[in-house]
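Heads up, there are several structures right after this.
Same chain, two partners: chain A is paired with chain B first, then with chain C.
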Partner chain A sequence: MGGREANVVLLDENGIRSDGRKVNETRKVTIKAGVLKNAGGSAYIEFGGNKILAGVFGPRDVHPKHMSNPDTGILRVRYHMEPFSVDERKKPAPSRREIEISKVITEALTPAVILEKFPRTAIDVYLEVLQADGGTRCAALAAASVALADAGIPMRDLVSACAAGKAADAIILDVNNEEDQAGQADMPIGYMPNLGKITLLQLDGVLTTDEFKKCIELGLEGCKQVYEIQKSALREKYFSSGDNN
Partner chain B sequence: MSQDQFVLPGDIIVTGDYQPEQNVILDGDRLMSTAIGFSEIKDDLVTVTPLTGLYIPKTDDLVVGKIVSHNALSWEVNINSYYPGILTASDIFGKDYSPSRDDLSLKLNTGDIVLARIANLGSRDPLITITGENLGKIDSGELVKISPAKIPRLTEKNGSMIQTIEESTNATITVGQNGLIILKCDNSAGLKKAIASVKMIGMIQYEVNIEDKIQNILDESN
Partner chain C sequence: MTNLSIIDKLKRSKILDLLQEGKRIDGRALDESRPLVIDTGVIPHANGSARARLGDTEIVSGIKVQPDRPFPDMGDKGIFMCTAEILPLAHPSAETGPPQPPVIELARVVDRGIRESGMIDLSQFVLEKDKAVIGLFADCVVTDHDGNLFDACSYAAVAAIITSTVPKWEMKDDKPTLIEDQESPTPITTIPVSVTMGRIGEFIIVDPNLDEWECLDARITITTNSDGNIVALQKGGDDGFSVEQLVKCSELSIVSGKKIREIIKQATEGTQ
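Our next item is the complex of A and B:
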């Protein structure tokens, strides 16, 4: 944080960002549901330069057995970056960062999934980042939620996700890789749009109270846009004509 | 908002004084879907018929299962659900079953296919039974797997669709509620058509004119 790469122009005088977007614009998002045959449910998301594949198994027997809970099911998420997903080869072993993201995504999805219906079982979500370009945790969370719905696992709501942040002293929506590296703050948000609840909120950087409020407001706006794309991905798979409501 | 509609998890089906039933939750006075499916409002009951997901066992359902393993007292059967079906040894050997005298593997082996009925859903895994007419080990036939969510489409209108297929191909079709279907037919052309028809129902998403499509398959090159 704090401008490590000072030579990058993050915001020009016309309010256009380094990749040509306006401050309140997300990158292009496309989602496809049900792309894998062998997984119970799956989804593929392209979130700007991010390419992420999500697969869901279960509910199924818990191994190791001692992890199982007789009162409820458990949700396990593995977020993993492919060695070729970043500029320099990433070692395939889970890093500290991947373990953290797996944890926050698990916690962001748990309020949405009705786990009480499946005592003594586990639902496993596997997230493979094929290409990373900043904001992978939000993209992965959005894909995971579509994959869970595709698997037919009962959910209170879909979880959509989008980041907001601060770069060149402006509040921006959907922080990309350069803005993350050279910007001032990055705030990923997970949101259940129909229940109006935030399930993921992290902040890396420094914001004033006013900026923080603005950031959340803008982030939720982004989440709602992502939510529409998630819905149309599921509609496309299940309700062939695409617009039945 | 219309009476019947396609819904996704989190979609608000209706607001007001209604009772949530299958796959519906209540949030304040909003009734929300928890599944991808088709919502229906009957009187004040709101239900969603899911279009995806594994089989959810119900007592007295007919299921087709595959023996996975056995221990001294029971067989474990894969019934395409969240939990394995448990077939107790006394169900086959009778009440005087004794683990030291009777050998379970003589009756049913790993990999065998059985037609069974869900007997009891306790707090543990569902118990299944093979005592009853036509139940038991399946020796011949073709096994087809479709999504359990599609079974109602196959059996709707008192099984008229199955009757149509059976009559035009001379096949006998046994439908397990868990998405596994056994087809038997003496002539291979008929069997092929019956399998194609059943698979078709498993493949297509929501479509009104399913009967015509089936008829097309059955009429092909007769």
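Our next item is the complex of A and C:
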């Protein structure tokens, strides 16, 4: 398997992971809605060591014009990592990995957004990874949903996200960077809990079909927990203390 | 599915009508792949090669093996890389120029399926630890596009890899030096098989052709290894799947993958 080595203890004899979590526990997730002044909607998420900003613009005119669609609005997502977000400096230009992740996040959000209401316009979502710690695409997707809702864009549901995977032969929830590098499988999931629809799913690593089913089950539990945090971030902004700038 | 052209909308409704009766537009069963034909050794100058035809989708894949520097964090492993490109002669909509996101995704998904299966034993590709290793490059080009490039590229690349041979290099004066006429078969541990399925309405179809591809609600590519385990997976398309649909897809990918693995085995038998 691509460079995976087992020189770190991913799971000790008491079933505790390298960062002190149990197998079915997510890292600490905090989300704040409405953190940017200029964006139509925004959110900041801390998902374990991940720190990600999401900003939404639009619906607005489409440039280049030929991309506009008279039947529907279009959703465009750019996922981008800052050069200082990882151990070794990342070149600032978008990598092939970032282009692929932008595409899968776009496809994960599109079913949630009621784009038909905004023909000939674009909604742009910018996702900036300030610090990466494994599972950035899930964290970015969760933040993007909150930012879209914060922008007042009509949605069918929030898209929630969390990864499941396998490390030290155990099925684990919310794979961290260490477990991603040295573990056996990583499966990010994006999920609309109210509609029961999985809109992002990727996997690398080896799983039996039974393990695959268990991973989905566990991952969806994680998604539901993140969903509650997403909702409370929006509630916090719009329903608490009368301060809603 | 609001971003379809009128023709695509008509096609979609025709395809859906047929699916209600349990039929597909080209007469296949819902869980049936198109016929797969693989020819190997089609590019004698390459270290291994294959042409795969999946229905009317055609791919040529060639292997090049050459000494390289290892990745900094993987000094004890050789390099494997798989690329994919849609040639401008493959379809009227194909354009020259830098690759667009769908093509980047295609190349990365094909690469991931093969890489994550551990198909090639890269630990045998080390000439000098942390300094010099052997790199195996599998480049796929689409010469005719009739949908489901993911699977067709993967089959061509896998067949080409199985039939490839690795020249012998030795370190002399700190440089890899070629030893003539001492080729050995590429060390293979498993045969990964990618199976792509699409969802149209409530129907799951295996190996969508281009007509079907253009009106899918969502698609999923699942790669399995020779032991019947899942090694890689990618969901695509502007909608999602329910858990039940995904479980069904995982089962379909194993059944369909088994049949295709046999075709690849037969096509590559005794060719190394």
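Just so we're on the same page, the second predicted complex is superposed on the first by the 237 of 245 C-alpha atoms of A that agree within 3 Å, B and C clash if a C-alpha of one lies under 4 Å from a C-alpha of the other, contacts with A are read in each partner's own complex, and residues count from 1 in each chain.
Going forward, a residue touches a chain if its C-beta (ideal position, glycine included) is under 8 Å from a C-beta of that chain, and two chains touch if they have at least 3 such contacts.
This structure is a prediction, so every number in the text was calculated from the model and none was measured.
K.L.:
Thinking of the overlay built on chain A, is A:48 touched by chain B (first), by chain C (second), by both, or by neither?
P.N.:
Neither: A:48 stays clear of chain B and chain C.
K.L.:
Of the partners chain B and chain C, which touch A:216 in the superposed model: first, second, both, neither?
P.N.:
A:216 sits against chain C, while chain B stays out of touch.
K.L.:
Check whether A:202 is in contact with chain B, with chain C, with both or with neither, and answer first, second, both or neither.
P.N.:
A:202 contacts chain C only, not chain B.
K.L.:
Name the contact category of A:192: first (chain B only), second (chain C only), both, or neither.
P.N.:
Both partners.
K.L.:
According to the stated criteria, A:238 is in contact with first (chain B), second (chain C), both, or neither; which is it?
P.N.:
First partner only, chain B.
K.L.:
Once the shared chain is lined up, is A:118 touching chain B (first), chain C (second), both, or neither of them?
P.N.:
The first partner, chain B, only.
K.L.:
Is there a shared patch on chain A that both chain B and chain C touch, and which residues make it up?
P.N.:
192, 195
K.L.:
Given the complex with chain B, which residues does chain A contribute to the contact?
P.N.:
The contact residues of chain A facing chain B are 40-41, 58-60, 112, 114, 118, 120-121, 149-158, 192-195, 231, 234-235, 237-240, 244-245.
K.L.:
Which positions of chain C touch chain A when the two form their complex?
P.N.:
Chain C reaches chain A through residues 2-3, 71, 73-74, 77, 101-102, 104-105, 107-108, 112, 115-118, 218, 220, 225, 228-243, 246-247, 250-251, 254.
K.L.:
Okay, in this complex, where on chain A does chain C touch?
P.N.:
Within the complex, chain A touches chain C at residues 1-3, 69, 71-72, 74, 96-97, 99-100, 102-104, 107-108, 110-111, 115-116, 187, 192, 195-209, 212-213, 216, 220.
K.L.:
Which stretch or stretches of chain B touch chain A in the complex?
P.N.:
Contacts found on chain B: 5-6, 8-12, 23, 25, 27, 32, 34-36, 50-54, 82-83, 149, 205-207.
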